[in-house]
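Note that the chains take the letters A, B, C and D in the order they are written out, and that residue 1 is the start of every chain.
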Amino acid sequence: MQYETIFQEIYRDLQPLEDPGQVADYIPELAHVDPYQFGVHLTTVGGDKFAFGDAEKRFSIQSIAKVFTFVLAYSHVKSNIWERTGLEPAGTPFNSLVQLEYDKGIPRNPFINAGALVVCDILAGELASPKENILSFIRRITGVDSISYNSGVALSEKKTGYRNYALINLMKSFGNIRNDIDSVMDIYFHICSIEMSCKELSKAFLFLANNGIVPHSGEQILSASRTKRTNALMQTCGFYDEAGEFTFKVGLPGKSGVGGGIVAVHPEKYAIAVWSPRLNRKGNSYKGMLFLEEFTSKTRSSIF
Amino acid sequence: MQYETIFQEIYRDLQPLEDPGQVADYIPELAHVDPYQFGVHLTTVGGDKFAFGDAEKRFSIQSIAKVFTFVLAYSHVKSNIWERTGLEPAGTPFNSLVQLEYDKGIPRNPFINAGALVVCDILAGELASPKENILSFIRRITGVDSISYNSGVALSEKKTGYRNYALINLMKSFGNIRNDIDSVMDIYFHICSIEMSCKELSKAFLFLANNGIVPHSGEQILSASRTKRTNALMQTCGFYDEAGEFTFKVGLPGKSGVGGGIVAVHPEKYAIAVWSPRLNRKGNSYKGMLFLEEFTSKTRSSIF
Amino acid sequence: MQYETIFQEIYRDLQPLEDPGQVADYIPELAHVDPYQFGVHLTTVGGDKFAFGDAEKRFSIQSIAKVFTFVLAYSHVKSNIWERTGLEPAGTPFNSLVQLEYDKGIPRNPFINAGALVVCDILAGELASPKENILSFIRRITGVDSISYNSGVALSEKKTGYRNYALINLMKSFGNIRNDIDSVMDIYFHICSIEMSCKELSKAFLFLANNGIVPHSGEQILSASRTKRTNALMQTCGFYDEAGEFTFKVGLPGKSGVGGGIVAVHPEKYAIAVWSPRLNRKGNSYKGMLFLEEFTSKTRSSIF
Amino acid sequence: MQYETIFQEIYRDLQPLEDPGQVADYIPELAHVDPYQFGVHLTTVGGDKFAFGDAEKRFSIQSIAKVFTFVLAYSHVKSNIWERTGLEPAGTPFNSLVQLEYDKGIPRNPFINAGALVVCDILAGELASPKENILSFIRRITGVDSISYNSGVALSEKKTGYRNYALINLMKSFGNIRNDIDSVMDIYFHICSIEMSCKELSKAFLFLANNGIVPHSGEQILSASRTKRTNALMQTCGFYDEAGEFTFKVGLPGKSGVGGGIVAVHPEKYAIAVWSPRLNRKGNSYKGMLFLEEFTSKTRSSIF
């Protein structure tokens, strides 16, 4: 299928729409991003590539990295993740702290901040060099060695990350953080700072569309069953308080980040990454969501 | 595929497991159900049928009926459902009332009690004879005219339904209930009392696997797009506080009820209904969940 | 002391202040009250009387009546009130329903709506003719036989009281309401509709300043110890979410109502009632609060 | 009055009661305290002293110190305390974090942990040497120079204080903490570690019973009006989630600490301190509460 033509059409249709979204501005590195950039890249399990716009420009992947750390913990590590985090959607953002308190320090799922902090704590305890290991994992599944942390972003995240410190301290008070808080936060702030392009992201997520196997290398990252389960988890928990809306309108599992990126997976077929920096009020890319809704409508590629 | 053989195998595998679940006992009609009954029925979009156990015995479908009323409202009615209910997972049951208060009377989705009450209020306002119209809709999509309300169950629900009265009064205080409370509750308690068999349920849900078209009659209930969206909604919101778990383990959209029934849909392929009266602590059929998990594993039929 | 001169001075000082408050408008009977009315009346335990303004004009006492029903239950009835309601301040109004849910249907104290409903349920179960008995109690302690319900107000309260119906249904679902909901609500809506003047209110509360004895009749309503405890309860729970503020600024136990009335008690000395219909955002009389703050400052009559 | 006889009588009456309370055990220094110790000391504004039991033995005053820091901030400092903390009772402990979130980082009052942290932040910003200044203030109002911090306790508090770190980080994320978190926490953990005897505590609180003037030195700590307001605040907020109960049963303003100490003030008359290490489930001294209830009953000294 000529995906690039469809990309162009949708982009043209969305152009006249006023974008009410706001670029994330809690750290200067994100606030200064040009809001008019737009990129999309689709990679099929067969290796075909379709790109449009700023598809090779790197941006801050932010929470999209939570999928990488979760997959690492789910694939390599013996400790039972599900004793330390749930797998249910989180409900309203307002409730994040009270639910953590009500559930005695067990986060609702590994893709909200609290859950990602627990995953970082698991990796801190079981990997030899967590930050290096995470990076080498991402480089391996993309085949791109230049992907790296942005230490300026990591530092800015740390300086302003009081709410994340509140979450980790609350979980530590319940015994659900095993390692030193600063070392876990160091991993967390670094993974948020990873920079990748749409092209790299769509390639990185391709194993999730391919029964757990990286197409270009043949490496089995997860079993077929665990791959399906990871996709299922993205479907219900990948979009903060907008997982229902994304599932309803787009119909694919995926994950978003406040850098404006969204990745979605069509099992057996492809992974697609889209990037538009302005965020809606729920913290997801405004035009990215619209683009993917149009895309799955036009291509009838919802999994439902 | 020989689904019946697989049904037998899974049933045999689950037999020795102790079932820690409890039959719903808040009304006598549910409390007195024989807990050892078990039935399953799968109907393909092509019309093939596979049954096992008590597949033709009727039971109280309870919350499964919320899909029927939602589809009716979504298909027939002009009023905008999404101004009056959200489409996000509900979070913890503990939060039901506070979220309703926080969101000023707008329920999280149409499949929790509060949302189903809003849907009943919509139908009360726009259908000529809501209770008759709902029943005739179900009879039409199943082709079975004997499906009906159990007025004893409806009366028992009404007598003990204080929490539902709390929900509807709270929503009414915010202006999100337009009709007389008693007339809306009358519809609600009646739909909870509908009795159907696994065979009838799997047939009733078949249009959701068939792009909105009832296979046996060719009637288009919903557009293809709205059908996908209804499935998406069941995926994120169909299992109370266990939607994540069901999605993770079973990988199909579906809906459960406290009568012990679960229906799941595999788009383009089939609808399957399973019934086992004992409920886990989240209110979903304990063995029904396990059965469907095993079934989609063995048949590799998760949509993810 | 020449209290009347002080009343005049404070009234004059408050005159130029713009009153940002709003008259309660959820029922027409309250909405149509002239907002510029103002009355105050102080009665000493020795029988001296000091009045200013519209001190003899009756208004809707609303939640002030919760003290009368509580005292009746506390004095006459064998059932243990404290098994069915707490005696702690309520926290934010936002939390009312979630706290009721968290505490399994036990209200925080008898002066919030939920607690007053439980008190009405107790009276419904133990008094022969609750509505008549409550009225005759108030007539006895004031010596004024013309005090009565306003049935129009009671009816309006009932027509708009959805939130109160939500509260009572939620408590009933936890088993903390024993009688028929409609009969309890009938008592509740009627006590809210009682009409009294500042003069009558200050006389009615005088036994709380007099060790439980009605000065004009010598009747012992409560023991000295229970009288102190009732005052203590008004101190911590008498002003919705503003009990701390009232205690801090006024320094006397008291109770307010959305009709704009406030009564306060100085143990061993006097009871004072003030009335100004405009309410601040917390639902207490804006000028009434200011008046009492000034009054206890000028007369140095805080109990602290 | 022969208070010492009354002390003996009450002590004798309470002896046979089984104490279901538990010594605080979250740090070893508190866990190892002999639970059978008991002391009480009353000092009148006229200088009379009445003691019983371990009245001169020092213990960890813990949260009682929050009154000292609040008074310091309220008396010396220009910044408006009430813009940064409320003065309402806190509601359930369960809600502490959600209320802080709902109220955008403004604690309910200065006597809960979050509010005391804000007070420490105010002192950190406005005092030259906060820890020294606080200590010298306490030494001045007691006339005892040996009162000091227990640095071992302060260190243990710091090591286990994750929940307090969660609170301060959450407030910092809302901008309600101005200074460096570690420096504020250092003050906070130190004030919790102060050790005083019942005798010293009753003397320290005497200015609150004496219109703000320290009897032995004549120093005016607070104006008469602010003294009354501080007492009012202790009344509604001094006992965590048990302020209503303490007000109801004891009828005096006061403050408790998890070291098992309670101080109460009778305006114009006396301050009394009692110490018994075992705490009830709300974190207040079990026998200390009972002792004060009996004491104010026998002496009829409730302020209500």
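Annotations
In this text, a contact is a pair of C-beta atoms (placed from the backbone, for glycine too) under 8 Å apart; a residue touches a chain by one contact, two chains touch by 3 or more.
None of these values were measured; they are calculated from a predicted model.
Note on connectivity: the fewest steps through touching chains from chain B to chain D is 2.
Farthest chain from chain B, judged by C-alpha centroids: D. In this assembly, the C-alpha centroid of chain A lies 32 Å from the C-alpha centroid of chain B.
Chain A and chain C have centres, each the mean of its CA atoms, that are 55 Å apart. With each centre defined as the average position of its C-alpha atoms, the distance from chain A to chain D rounds to 47 Å.
Within chain C, residues 94-95, 102 each touch two or more of the remaining chains.
Shown here, the protein chains touch around one cycle, each chain meeting exactly two partners. Annotation, chain-chain contacts: A-B, A-D, B-C, C-D (touch as defined at the top). If you check the complex, the residues on chain D that touch chain C are 86-92, 94-95, 99, 102-103, 108-109, 224-225, 227-229, 231-233, 235-237, 241-245, 247-249, 251, 253, 267, 297, 300, 302-304. Remark: chain A residues 94-95, 97-98, 101-102, 162-163, 165-167, 169-170, 172-173 touch chain D in the complex.
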